[in-house]
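One chain, subunit A, appears in both complexes that follow, with subunit B as partner in the first and subunit C in the second.
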Partner chain A sequence: MRETKYWTWHMSAGVVILFLLGLHMLIMHVGGITHLFAPHTGEAISKENSLFRDSRMFFTVTYVLLLGVALYHGLYGLRTILFELTLKPAVEKAITFILLVAGLGLFGLGTWAAIATHAIAIAGGRG
Partner chain B sequence: MAEIKRYDNRLGVWGWLGGGRWGIERYAYILHRLTGLAILLYFLMHVVVTSLRATGQYLWVEGGFFHQPIFKFGEFLVFAAFAYHALNGIRLVLVELGFAVGKPIEPIYPYKTSLNVQRPLLIIMMILAAILLAAGGSEFLGLGK
Partner chain C sequence: MTMSKTNTTTREINFHVTRYNPETDRTPYVKTYRIPVREGMTVLDGLHYIKDNVDPTLAWRYSCRMGVCGSCGMLLNGRPTLACNTQVLHIADTDLTVGPLPNFEIIRDLVPDLMTMFEKHSSIQPHILRTDEAGLNSPDGEFYQSPAELEAYLQFAYCIKCGCCMAACPTLATDARYLGPMPLAAAERYDKDTRDDGRRARNEFTGTSHGAFRCHYAGECSRACPKGVDPAKAIQYLKRQLVLDYLHLARRKKPCQKMHGPGQGKPLPNIPAAPAKTV
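Coming up: the complex of A and B.
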């Protein structure tokens, strides 16, 4: 039952990612058509436009949310693929532990960066 | 709690990649996994690189290390992988939840399988992925500016 619950979370995370990463892609990679959240001239990924988005609490919150669900979705997906090789229980435990540590580490790094950049952007972009 | 009986994966790595005669949906699923792994690899690096902006390093802007044509092309591949993975993912979730596979029927000859019933869903999703890819492609080629 536990794995069924994790799998349901995996699918649910996919739906959340669909909206958040869809928005991210629209802003970053279809910006020439949409011009969403990129008021400064130049590319949507320019430093000025990045700082504009970082100054908005909406983006700080959604970056952290997207980071969390995407790490879970991706690393649980990788775990599922690896477990299909019918590994020994000790190897499965080691893989779960490594992916958990890697996921938490990257989540901590990304969350710190989102909050720190939000503070920098609000202070006037002295990054 | 009941123990789940586990069976050996006799096919090993080939079990990941081989679709046999299971139809185009099975190959779409294999490509779903491959694009998922590619996106994951990119995403893990993306988290580290974009986190550097907190220290004032914007490596992806004009003049930065990742603003070279080869990385731009790589970004387009990631976009293409995302477009495919997202739309095929919607199909997989719908099918897993029992949508678009038809109602259960008596197994009377000539038999009908749910595999054939869900084919239009695959076609619709691939058309949508192609449209998204074209929009993203025009942006990467600079046609949208």
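Coming up: the complex of A and C.
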């Protein structure tokens, strides 16, 4: 049932990505018009608006969550593609291990970046 | 008195047949036979004509000649189907390509090695599994199944194991360890059977990394099936059931129990007695 677990989480991650990408599109492309989560003048990706969002814990958590589900969904998809090449079981295990390490590494790096940006934004806001 | 005339018009058709003898040939090659074809003639008839009149060394597998045994699965004009069930003039005007089923090793000419398919089929335990094995084997009663319960798995029971779905599957073309549409549809057939209690045991095989989740839902297996079975649908049912079982959301149902034995049932009221024997 291990593969069933992986696949169920893969599908669930897809649904979460759907909502989070919807939020991303709302902020980046509709936000410029409605100024949703972008109270300062200029585009949604301007420094002031970015710092405004980065100072909110909601966005930091959202970034980390999106990073996690996107990495899991993408790396599981890559694993599926590789597994369809009729590999030896030992190679499959090695691929699973490498993708797990790569995924955890990228997730750690991204999480650190999101938290660091949050801290900088708060410090900048206070300063 | 007039007799109805049957159409006996013949036409010359080129049969481009894949030939391969592993003892003498390094790779398969195509040999062309030009033979007369009349209306109603099947591809199997054409192959018989070649063997009887042109080339007696041609090898293929067949048995029933009526689309029941599933022996004569072949690749006809690029589509896997049964040679006995396909009329030549329905699929060819001048040329017809005849090859062995892809995704299988070739034993000789048009004979595929179906053992890999049967081994995978065997692995999913394609039979009724129950905890009360003794009761299952003693024929002292019959299991009741409603028409609706029968309908739930009946179409998957029409599979004749010809291998056409396996030959059409694009996933199996790259992943030789993938279980494939036939074994997975067989698993679904028994999972849906109300007499069966072996779904969780089968999940151990259907839910592996080369099981149901590798299906991309191309649907070619369902298009290829000469018996109208829909293996792609069965695999989607399997995926759903696997996920529900993993999340513990599936309803736990007991397998149906035996009814009374022969002669032990209560007759329905108001049924008149049978008339006296006249012979």
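Remarks
Everything below uses one rule, namely that the second predicted complex is superposed on the first by the 118 of 127 C-alpha atoms of A that agree within 3 Å, B and C clash if a C-alpha of one lies under 4 Å from a C-alpha of the other, contacts with A are read in each partner's own complex, and residues count from 1 in each chain.
We adopt the following convention: a contact is a pair of C-beta atoms (placed from the backbone, for glycine too) under 8 Å apart; a residue touches a chain by one contact, two chains touch by 3 or more.
Note that the structure is predicted; figures quoted are calculated from it, not measured.
When the two complexes are overlaid on their common chain A, residue A:Leu18 makes contact with subunit B while staying clear of subunit C.
Once the two complexes are overlaid on the shared chain, A:Glu92 sits against subunit C while remaining clear of subunit B.
By the document's definition of touching, of the two partners only subunit B reaches A:Ala70; subunit C does not. Applying the stated contact rule after C-alpha superposition, one finds that A:Thr41 touches neither subunit B nor subunit C.
In the superposition on chain A, contact of A:Met1 is made with both subunit B and subunit C.
When both complexes are overlaid on chain A, the residue A:Glu84 reaches subunit B and subunit C alike. The partner of subunit A that touches more of its residues, comparing subunit B with subunit C, is B. Within subunit A, the residues touching subunit B in one complex and subunit C in the other are 1, 3, 11, 84-86.
Listed in rising order, the residues of subunit C touching subunit A in the complex are 171, 174-178, 203-204, 207-211, 213-214, 239, 242-243, 245-247. Across the interface of their complex, subunit B is touched by residues 1, 3, 11, 14-15, 17-18, 21-22, 25, 29-33, 42-43, 45-47, 50, 54, 67, 70-71, 74-75, 77-78, 81, 84-86, 102, 106, 109-110, 112-113, 116-117, 120, 127 of subunit A. Within the complex formed with subunit C, the residues of subunit A that make contact are 1, 3-5, 7-8, 11, 80, 83-86, 92.
Within the complex, the subunit B residues that touch subunit A are 1, 4, 6-9, 12-13, 15-16, 33, 36-37, 39-40, 43-44, 47-48, 50-56, 58, 60-62, 75, 79, 82, 86, 89-90, 93, 96, 135-136, 138-140, 142-145.
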